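Below is one structure; the comments refer to it alone.
Order as written gives the chain letters A, B and C; numbering starts at 1 within each chain.
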């Protein structure tokens, strides 16, 4: 398919600067531009590339002032990132989509599968599992018995939903397993990355609420609950029974202790270790144990000087002792 | 199935306070209680729920004093957590269990499989693998050639036993692979979570001893050894040839350098980085590099004040210089 | 197969000290030596074992001076570690290798598979995927549509190549998915461990260059690029669009922010958090945020004394106030 700059601008409500008839038939990153491609400029770090890109058309924010002439055609928009997202969605919606239950999938006879569901080869859907309309289950996903998957849910390859929570009671000879008889509930519009694990509850349910987005290799332990529209980057880990609020953002490799509550709209930096309840909505935290980011980064800067501080402290002590003597 | 409070109390050696004929047919968390359910109260944080739970029966420790009347029937026991574990085990033992080798599993002809083993669809059991009686292998588990799995072992979905250890020798053009010709031995009564990896040894064996419990997404590198009844939370990582003692507890996301020895009964906090041998049994460690938890948490508290300390140090220096001058 | 010490020495250019006719038929670690086995001594920590090993033959560096007599036969070589690697390679090259596409694998009709490729049971090879000659794809690997795998690539069990990058744009009601229409390119001679994830690019490609070695459970986000011959230990995480140079070494559980550039030959310690571009080739970094290792370890040593420093600072303040008064 081929479109002109004018056609694209009309689709996304933009304004053309340059050749309205410039033709594009593919996407490219601005730094890897080529003739016939459309690129976008959103992150200011990439601004220098606009002067040398070979892409035919570039989406750019209305308010960006360019200091040199450019050879590409520009489409001015309010938010270049949103516009490219919209274009990619249009593009993706025109691509053929896989649907249906692949004959190489395992789907228990007692599972209830909605309409327009895709279940890939080697996906495993256990007994009494329900999967809502429009959901897509990729290869090597395991959904253990009894778990409930909502509508328009995407689960990428290798993720495991509903394995036993990690519960053992010590006795004299070793540990006895505490049976995990609960389930996992994944609500509508959730997307789960690859090789992520969401454990079933000891009793009751582990719940991933509507619109949550989990990246790859994340651990969600038994009895956890993640609030609506919270997003978590890769390799995050939640210990048991922790509840995360709605609209939170969690950076990669962050970890949460068990049995704590994180308020709505909390922002947790990458590699943080959160060990207690947060105070209220909108808080930001980073570090392990996690603290206010302003303090964290200031303290990190001073940390480098700690050995010098230690020496200076000893020097001051000595000088004070001198002063006392000579007083 | 339905039981009365009296029947349950008799099963676990408890004493009924309230209606001995109260009927229960399911389990529920105390904060999600409902008529006909039995709950338990073990963590004091949850005590307030006992006054409002709708569960018909609640297991509670003998020594807990309640300050208000409750509408549920109580069963007083020595240890509510152990009692609920016992009840869950009784319940689980009455549930039908999957057994046998699923026709959709791949089991090499040279593998030796014990009695009462369950091998799920899409499990892969390589050449010359042995699996002991009563073990359960869930979907998408891979067991590479030659690995030995003991009795009553559970391996959850997606875990990989016996992939090559990470061994490469640099040369001028790149890295040459060091073949990994050893195996993995998993002893009896081990439980391994989902998407965990235990690498085969370069030569000899990587060993997970009897009764070890590993959570999800854990990395155990080549030539490691984990002692009896040690438990590790999710996302822990062990570098090559490290030996962990028996009865240790390791918190989530902790990491261990290679070629170190951890003594028995060591307690390693979440997100710790352990880079050297530990001193002796019963030690506690946290932080990266890992140190005594008392020092760690005191230092963490002071760290927040580091920028102020830095300023104060400069102020003191100035004042001392003044004092010297005016002396 | 059985070889004499003399035959082995001739293969690897070594010199026999002891019985040239000593027979060996297997490998063993020096601390687990047995009659008929060949071991090696490379790490000086293991030197004491050479006096008590039961192995028949031990490979040892030319320059190691032994202080007591040994009962085993020695083969003196320049580099014992390289020599044992060479022997293991010889041994491995004599073992039968699995080849061909297993009938239990799923390979799309539009995929292009090279010569001498092994594709294991339950591997999933999507549409328009290409796999170069001599590559080996283990069980439960998923390669999404359109990804390109080079020659002599090894991908261990459960790894996922080409799942969607983690891209979502927030709106009033939740997040909209940004379609990920790019691909993953894995160049020749790459080895990828078990349960590792390499996400496809939003547009363009995520690239793992020639000779890279990735361990288990690693996360490589969309649009990343990893330079030639870089090695990464288990559980490392890269956020989106980050570029790692060639010949870097990255320790386990380290994390990288998005959109940063790491120069060639950079050495990143385990559990580091790298949040900005590095300065130049050959730099070493550790900690979170990552700094010079010398400063890091000095500061870590002082950190333990922080509570004492805090008290000392208050004491000095008090004494100075006293001095001022009495001046």
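Keep this in mind: contacts are C-beta pairs under 8 Å (C-beta built on N, C-alpha and C of every residue); 3 or more make two chains touch, one makes a residue touch a chain.
Please read all numbers here as calculations on a predicted model, not as lab measurements.
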Superposition rotation for chain B onto chain C, Cα-based, multiple of 5°: 120
Interface residue overlap between copies chain A and chain C, same or different (over half shared): different
Mean-CA-position distance for chain C and chain A (Å): 25
For chain C, residues contacting two or more additional chains: 122, 140, 158, 195, 217, 235, 253, 303, 306, 309, 313, 316, 320, 323, 327
Interface residues, chain C side, partner chain B - complex: 27-29, 32, 43, 45, 81-82, 84-85, 88-89, 91-92, 104, 120-122, 138-140, 154, 156-158, 189, 191, 193-195, 210-211, 213, 215-217, 228-229, 231, 233-235, 252-253, 270-271, 300, 303-304, 306-307, 309-310, 313, 316-317, 320, 323-324, 327
In the complex with chain A, residue positions of chain C that touch it: 106, 122, 124, 140, 142, 144, 158, 160, 163-164, 166-169, 173-179, 181, 195, 197, 199, 202-204, 217, 219, 221, 223, 235, 237, 239, 253, 255, 257, 259, 273, 288-289, 291, 295, 298-299, 301-303, 305-306, 309, 312-313, 316, 319-320, 323, 326-327
